[in-house]
Amino acid sequence: MEQNPYLPIKMRLIKNLVETEDRNINTFTLEFLNKQDEENFKYLPGQFAEISAFGHGEAPFGIATSPTEPGILKFSVAKVGCVSNALHLMEEGTMVGVRGPMGNSYPIEDFKGKNVVIIGGGFAFTTLRSLAVYMMDEKHRADYGDITVIYGARNPGLLLYKDELAEWETNPNINLVTTIDKECDGWCQRVGFIPTITEQVAPSSVNSYAVVCGPPVMIKYTLPVLEKLNFPPERIITSLEMRMKCGLGICGRCNIGTEYVCKDGPVFTMAQLKELPSEY
Amino acid sequence: MNNIINDIRETARQLLADGKVDVVIGYEKGSLPLKATPCFVRSAQEVDRLIWDETCENNLASFVANTPGKKAIIAKGCDSRSLVVLIQENQLLRDDVYIIGVSCPGVVNKRKIEAEIGEILEATIAEGTISVKGMEGSKEYSFADVKDATCQTCRYPNPVIEDIHMGVTIEVSQSTPFADVIEMENKPDSERQAYFNQQMSKCIRCYACRNACPMCYCPECFVDCNSPKWLTGGVNRAENLMFQAGRVLHLAGRCVDCGACARACPQDVDIRAMNRKSAKDVLVMYHHEAGISETIKPALNEFSADDPEAFLVKE
Amino acid sequence: MKISKEKFGQSFDALAAEYKTIAPVSDAAGVVNYEAVESFSEVKQNYLNSKLPPKSFFFPQHEKLLSYVKEGKDVTVKNELKVEKTILFGVRPCDAKAFLLLDTVFKNDMFTDPYYFERRDNTVVIGVACNKIAPTCFCSSMGFSPASSAGADIFLIDLGDSYQVEILTEKGKALAAVFPELVELTVEDQTLVDTIKSAQTTSQVDVSTITSKLEKFFDHSYWDTLQEKCIGCNSCTFSCPTCHCFDISEEVRNNKGSRVRTWDGCMAPLFTLHASGHNPRDKKKSRWRQRMMHKFNYFVHNSGDISCVGCGRCIKSCPVNLDIRQVIDGVNKAELVVN
């Protein structure tokens, strides 16, 4: 019999880190218990996993680590529901369940030889981090052209991965632009909403892909900017969220038209989304 | 009955033509014999869709809050009592609804007929006689013999609140109220338990009862709440009883005994039995019946220091 | 070829000792449902169809997927998949056809659902043709008929005191090894078989163009009013032999718990509600549209067939008489407004 896709593997929570100043988002670092589990969990940037907090339930979260970071998986999770609340309160060393990897990934093969513009807002930066780290890895960096990251949050305290961002500031492999919604003391980067900043930065659409993740309103106003910059819909990529249960394209709740976000997504091009009902 | 429908249609036509309401919520002929279906009439040209007979079994009050615009509703006695409760609980403004009251002779229990003669192929109702052709045979029924259980014990066939009344009023039968509850109370525990075990084991938790109930308007029902989780997804008689008993408690002093829950139940669970017991207790202990008057305060809205507390468990 | 009911009953009883055997049974009120039986004498004869569909034997309304025990920071997880060799007797053509549709759901291009398929693979389905057709049946419109054998391993036609027997699959053949020798049909038998095989449902709908019509129907105003009377319960989806949506939840007591799956349905607003509060199908309108689009369009794209078998159960169980045949007619008649 094939492997039972409902049975999670066990992983150890080795770090439960408060990620944002509002203490609403924590980053969980999970450690594989053995080589075999890690071997079986071959993933790419953009995929997600179902995490079990035993006693509370299971929920899907995007994988924030890159496959180039061995031995662990990281997830940055906002405290909104039953499972995420349980995870936030979880002691380090506790065993959690993990099913995955699930869903498709960002089209990293198509990105080869192209410039990639990553645009993220708020806590939707997790799988974008995975993508950036993957492309910046020394084994992969030569495969891609310019990597531009435009990342914004309401205030500096809400930016994820602050230490890493600081490192990216000076890293010649990546062009990082960070922004916050409103001016505040001590902030010396840009100020303004993502769509405005994207317009200012005006990344070239020539030989480029754009990957956009964030709150619906951010996506709504960023798309016209990208269109103006001549990014065709086939080269604008986004990742969708849906209420999911099985993660296997069976339980029936995460479909948009004929597509199951859990199995056929979560990554779609704008060209694909235009063909689907606007029900997400 | 036929005169009543002409009056209903004429009233609906006038209301729509004069722009007094945007929609009339009533009944039209259903796709199955002996089954009417709710309909929403929005133009004077459409009023002939409306019907009124012994097959109009749904409680239309459950549609009122979610139907946008000014509306008129065709209300039987029980439907009107539901409207009173909704108004008292601030779910509905009296001025937002025009009530076309109809005295109700009761609705037909289709299932009783089907149990005898199989699925119904054709049926006609005339002068208190229902002639039915079923898959297993044909039969004529006197309406009194196949009246829904709720209607057999109904003490409020006439609307308690209305803007216009259609037809004559109906005399209320003077039988002992809650005779069925008293009978159940007098049964030994084991027999009662066996009865409810058997009933609850039929429930498939489709929540048709809850959704058909005008009083079940909570945006999040306790059964759907996941923190805290009051119920598991288990479909067995214990969990089902928790659901049904929870509903009874939430409906205490509010249930108008329209029977919409029981008629909606695809599994024919006796949902009313527990609600009736609660209605009787509220009447006996607090002298209150839900929805019989706009001015009498609901039982749970009024406190008096000498309220009976017989149901409290004391150390 | 046929077998007398007496002899069939003896074989049935012998098999029932070896297999878990499920068959239609009538309760005191005359309601027929599939239940475990030990003897052919318990099996309801001459039934129309079961009140609830037999899908629950492959896809129970409530089932444990796994259980676990937490000890300190550690946890031990146990697979709860348990399967018995089963015979499912007396399945009507609509429900047998529904199994074929469910098969395409529980196995997709990437995953196979072991809970469903372990049961499915270990169950022999014995179908029985319909001798009686209810006024709400419309299988003849859905590409098969009250005497179609698709989905059955063994297919029977009730000839009164005997069954005509067709063995359709290897699973069926293995089981039929216990039957005594079959005998030839008489001329009268053959006439009866022909009558049953040529019977059609009296109720018909036209689904010939619905899939293509729905392609451009998502934003049609038809959905605005069609569902007004729907009360949003799940009696249609739970009584549907092809509806398969489910929820997964946790049942916990102290340090022990299990993960269970339970039937769910697209009519409930919570079905698609995100933890954030956002709900992509927040209106009855979008939920009814999903039900129709899924059955008559999306499913065709993903599985090659319409996901309705015309059993009529949803029509009979709907508290407000929202009749799917009328909804289909409504789609057929609605004018397409090209934007």
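Think of it as A, B and C in the order they're written, each chain with its own count starting at 1.
We take it that a contact is a pair of C-beta atoms (placed from the backbone, for glycine too) under 8 Å apart; a residue touches a chain by one contact, two chains touch by 3 or more.
Small disclaimer: the values here were computed from a predicted structure and weren't measured.
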Remotest chain, chain B as reference, centres from CA atoms: A
Chain occupying the middle, per Cα centroid: C
Centroid distance [mean C-alpha coordinates] between chain C and chain A, Å: 39
Length of the line joining the C-alpha centres of chain B and chain C, rounded to whole Å: 31
Distance from the mean Cα position of chain B to that of chain A, given in whole angstrom: 51
Junction residues of chain A, two or more chains touched: 81-82
Shared-contact residues (touching 2 or more other chains) in chain B: 226
Multi-chain contact sites of chain C, meaning residues that touch two or more partners: 247, 249, 261
Partner chain B, residues of chain C touching it in the complex: 29-31, 48, 51-52, 61-62, 132, 134-136, 225, 228-229, 231-235, 237-239, 247, 249, 251, 260-262, 268, 270, 315-317, 319-323, 325-326
Chain A-facing residues of chain C, complex: 65-66, 68, 70, 73-75, 77, 79, 81, 105-106, 108, 110-115, 118, 218, 244-250, 252, 255, 257, 259, 261, 264, 266, 271-276, 278, 280-281, 286, 290, 293-294, 297-298, 301-302
List of chain A residues in touch with chain C within their complex: 1-2, 4-8, 10, 52, 54-59, 80-82, 84, 91, 93-95, 97, 216, 241-243, 245-246, 248-258, 263, 277, 279-280
Footprint of chain C on chain B - complex, ascending: 30-32, 35-40, 58, 62-63, 67, 115, 118-121, 135, 204, 206-208, 210-212, 224, 226, 229, 232-236, 263-268
